[in-house]
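The following pair of complexes shares a single chain, chain A, combined with chain B in the former and chain C in the latter.
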Partner chain A sequence: MAKISLQNIAKRYPNQERFTVEDFNLEIADQEFIVLVGPSGCGKSTTLRMIAGLETITAGSFLIDGKLMNDVAPKDRQIAMVFQNYALYPHMSVYKNLSFGLKLRKYAKDDIDSRVKQAASILGLTEYLDRKPATLSGGQRQRVAMGRAIVRDAEVFLMDEPLSNLDAKLRESMRAEIAKLHQRLKSTTVYVTHDQTEAMTLADRIVIMDQGKIQQIGSPVDVYNHPANVFVAGFIGSPAINFFDVRVENGYLVNDAGFKLKLSALALSKLPNLQPSQELTLGIRPEDIKVSENTESPEAGSTIEVEITVVETLGANVILHAKGGENEFVSRLNAGQYGRPGDKVTLWFNLERAHFFDKTTQQNLVSAKASNGDS
Partner chain B sequence: MVGSKKFNFLWIAFFLGPGLVGFTIFVLIPIVTSLYISFTEWDLLNSPVFIGLGNYQTLIADPDFWMSLKNTVFFILGYLPSVMAIGLGIALLLNSKLKARTFFRGVYFLPVVTSWVAVSLVWSWLFNPVYGLINYFLSLVGVTGPNWLTDPKTAMIAIIITSVWKDIGFIMVLYLGGLQNISPSLYEAASIDGANELNKFWKITLPMLQPTTFFVVMISLINSFQVFDQVNVMTGGGPGNATNVLVQNIYQSAFNFFEMGYAAAMSWALFIIIFSVSILQMWGERRTKI
Partner chain C sequence: MKYIGTTIKYLLISAGAIIMILPFVWMISTSFKSGGATMVFPPQFIPDPFVSDNYVTVFERFPMLTYLRNSIIVAIFTTLGTILISTLSGYAFARMQFRFRDQIFLAYLATMMIPAQVIMIPQFILLKNFGWIDTYQGLIVPGIFAVFGTFLMRQAFLGIPKELEEAAFMDGANHLTVCFRVILPLLKPSLATLTIFTFMQSWNNYLWPLIVSSSREMATLPLGLALLQGQRDTDWNLVMAGVVISVIPILAVYLFAQRSFIQGMTMSGMKE
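Take a look at the complex of A and B:
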């Protein structure tokens, strides 16, 4: 059992004027898999290290199961951690790396042995127990780092970009293994990554951070379908969402770069407080922009004429880059022939799935509830 | 292109020439000469007389040679552990987040770059039983200090203290380098694994410093087999033969007794000792690689 509570956590490093982390509030349920995601330098590691006790907490309260832990030493926090560079003890064999923490905690010798062997068998390290880390491959080292965390029944797992040093293929398979491991061990987990795919695939809930502040907390589906602000919309999703600076004129979204789309009644109904000629940032995901086939006749005003600039063929999908006026469009389409660079096509926009942000506050104009009611 | 063979050869000769000339005159010729001299009897005045392995036979049976070797080993046994322990201790202190660490690093390194003669003279004065500061401080705590340099029981200890003091900075710098190479994340991982500061020192720091320690032991061994300057200035090998170390013995044989052949033979004996240590080092360096 481990519930974690972070209340108004803030961090300012000595000799720095700015807070690296601010107003951090998060309640983590027992067995929950939380992913902290955000661009490099946004304070993810700092937050994780405060949970681990490797950094002091400048302000706020950090509780595990209701007990204040701010000043508790790392070794007394019942946590296990996987470091980004693995931090394996180079002079110790894999066996000793795994057993080091157990020995220090004075586990009985045969208990240590059975735990190490079990962890090794779960992670496929049995044949490597006598090896030193330097003689292992990157993927094997990563497993040792995981093993060191799982031999102890720690209440909380902390992982700081554990897969970022692996190549793409290995990263994918380890990602699946981490998911399996969590299903098996059910330890509360806080996982840090800058990779949104990892975040989306692993998390029960994602915490999206930028510049030391939480931007949104929610399930992967929530943050994808209802980004709270421009930052979240832009960060989550690949290829990235299309943004257009537009204003509303006579029921149309327009900008001076040649953008003009009719706002459907449904889209309009989601924006009850819209002022005439209000400035908006329109966000629309690549899969919500389609090439309009001539045979269909889309509703008047819901299409824009563009010129293809780049065609990326990805097997199941085609990513189409196009230009219309001064606006750039990225569309994700099912595999097929849509033309070549230089060809003219008509793009159709599914504005019902578009996101509308206030241009100055960058916040989503549609409240989460309204949007959930739709889907 | 200017890449003709002849042209290249001239350039190579131009750059290597000065070095090669220096090496030949100051290293190669003396080495070969000394090897030859070690097979002769030579008093500097008459021409050398070839006697084959005579000097080496004398050496093996010479109690004075073994005495000076024993003194050298005694010096090393006192000097090496002390200078390493203190050097490491200070490196650990300076490696922590000490404010004036650059300053202290400089202070501890100062003796290393000071000339041995100057250091020896200053310490001779410090050890002086009448005017010396050391016995003065001892008297403050009610201890009557010994006649450091004139008592056979303490003379070598005084030499050891001086040598340790001079070389701490050197050892410290080596250890600081080693400490800086240990990733801080190892200590963080250890904290989470449940280690306290003492655990971290014994289980992380010390084993991770093993290559440094090995290097320090070897380089210090090689240097301390050649201990001479401080002995020559402070005690001249005395009192009696209490501080008569190998090189002091060689020096006396050569320049007091003019037994150049015998001194050369002892030099080659010393060379063999040091060479063995170096072989040990090359072998061990590969083994201690982490």
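Take a look at the complex of A and C:
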């Protein structure tokens, strides 16, 4: 059982003017897998380290199961942490690395042995118990780092970019293992990454941060389908969402760079407070832009003529980059032949799945409720 | 053709080595000479006659065992004390948070610029007030607060990734455990350097023992060796035998520390 509560947490490092983390509010349920995601330098590690007790909390309250933990030493917090560079003890064997914490906590010798052996078997480290970290591969070191966290049955796991030092393939398989491990151990987990794919695949809920502030909290599906603001829309999703600065004119979305799309009745109905000629940022995901085949007959005004610039073939998908007027478009399509660079095609836009942001506040103009009601 | 450069290099290096080693050879050779053969011309490198009695005589005529014992006690405790103090203070200056930490460190470092001769007399007066003149404490304690050692260890601690300590803290360690069980084992090269340096310095120190120890009972080897040299005539073969005896412990420490130095170089387990 470990519920975590972060209330108005803020961090300002000594001799710094600005707060590195500000107004951080988050309730984490027992057994929940939370992923903090955001660009490098946005304060993810700082937040995690405050939870761990490795950084002091400048302001706000941090509670575990209702108990204030702000000033409790790291070792008394029932928290285990996996570090980005693993931080294995170089002079100790894998066995000693795993058992060090248990020894310091005065576990009985048999208990230590059985815990280490069990963790090793879960992580496939049994045959490496006598090795020193220097003789292990990156993936194995990563497992030892995980093992050091799991031997203790800590209530809370913290992981700071645990996969960032692995190559792409290993990262994918370790990602799946972490998901499995969490299903098995069910410890409350806070996981930090700058990789939105990792965040989407692992999280129960994602916390998207930028410049020390939470931008949005929600399930992966929520944040994908209803980004709260321009930043979230741009950060989540790969390839990245298309943005267009547009204004509304006579039921059309237009810009001076040659963009013109008719706003469907449904799209309009989601935007009840739209002012005439209001400036918007339109966000539309690559998969919601299709190449219009001649056989279909799309609604008039829902297409734009473009010229293909780059075609990326990814097996199951084709990523099409195109240019129409001064606007750039990225579209994700099913595998197939759509043309070559220089060819002209017609793109069709599924505006019902588009996102509308206020150009000045950057906030989504459609409330989360309204958009959920529709989808 | 291409070997010529290498050959010249090796010749030069060998010449240098010979120049370096010649005094040692001369020392060892003299220590096995008879009294009359030390000053003959041309100089003999191979002693003739070959006498090993000098090593016995020097122990019989002088309290060599006392000198040796004093030197060993002083050098060992000075080294241990220096390592302890340097490690603790180096860790504190590198890793612990306290007010004016860096200023205090700089001030401490600045004391290196004060020549030893300047503080010698005040130090002597201080120890006199402690009643430490002609005692082991007097010989040892002033030597263990080595600024250089603190500096060396601080730099070494700074070179260890912070996460390693943090991982240990999360594992339930306190500062002392982190310092001695997690980090220090990784600092064998620095410790070896500090050991060799401190031991040699203490072993060879002449001036401070000369000031602090007044009796023969408290004389260390360098003082003792000076006493081997008589007022009018000196038995160089005996002096050299004494010197050889005094060099052996240094060699032992050096060889011992060198092994862990090399061992330390090959240890690394972090992913960077």
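The working rule: the second predicted complex is superposed on the first by the 375 of 375 C-alpha atoms of A that agree within 3 Å, B and C clash if a C-alpha of one lies under 4 Å from a C-alpha of the other, contacts with A are read in each partner's own complex, and residues count from 1 in each chain.
The working rule: a contact is a pair of C-beta atoms (placed from the backbone, for glycine too) under 8 Å apart; a residue touches a chain by one contact, two chains touch by 3 or more.
Here the structure is a predicted model, which is why all the values come from computation and not from measurement.
Three-chain overlay on chain A, with chain B and chain C in a clash.
In the superposed model, A:A265 lies in contact with neither chain B nor chain C. Residue contacts after overlaying the shared chain place A:K75 against chain B and chain C alike. Contacts of A:A108 after superposition on the shared chain: neither chain B nor chain C is touched. By the touch criterion defined above, A:A300 lies against neither chain B nor chain C after alignment on the C-alpha atoms of chain A. Once chain A of one complex is fitted onto chain A of the other, the partner contacts of A:G138 are limited to chain C, with no touch recorded for chain B. In the superposition on chain A, A:A168 makes contact with neither chain B nor chain C.
Residues 52, 54, 73-75, 79-81, 83, 85, 87-91, 100-101, 104-105, 132, 134, 148 of chain A lie at the contact with chain B in one complex and at the contact with chain C in the other. Across the complex, chain A meets chain B through its residues 52-54, 73-75, 79-81, 83, 85, 87-91, 100-101, 104-105, 132, 134, 148.
Residue ranges of chain A in contact with chain C, taken from their complex: 52, 54, 73-75, 79-81, 83-91, 100-101, 104-105, 132-134, 138, 141, 148, 165.
Remark: chain C residues 161, 163-164, 166-174, 177, 182, 185-186, 267-272 touch chain A in the complex.
Within the complex formed with chain A, the residues of chain B that make contact are 183, 185-186, 188-196, 199, 203-204, 207-208, 210, 290.
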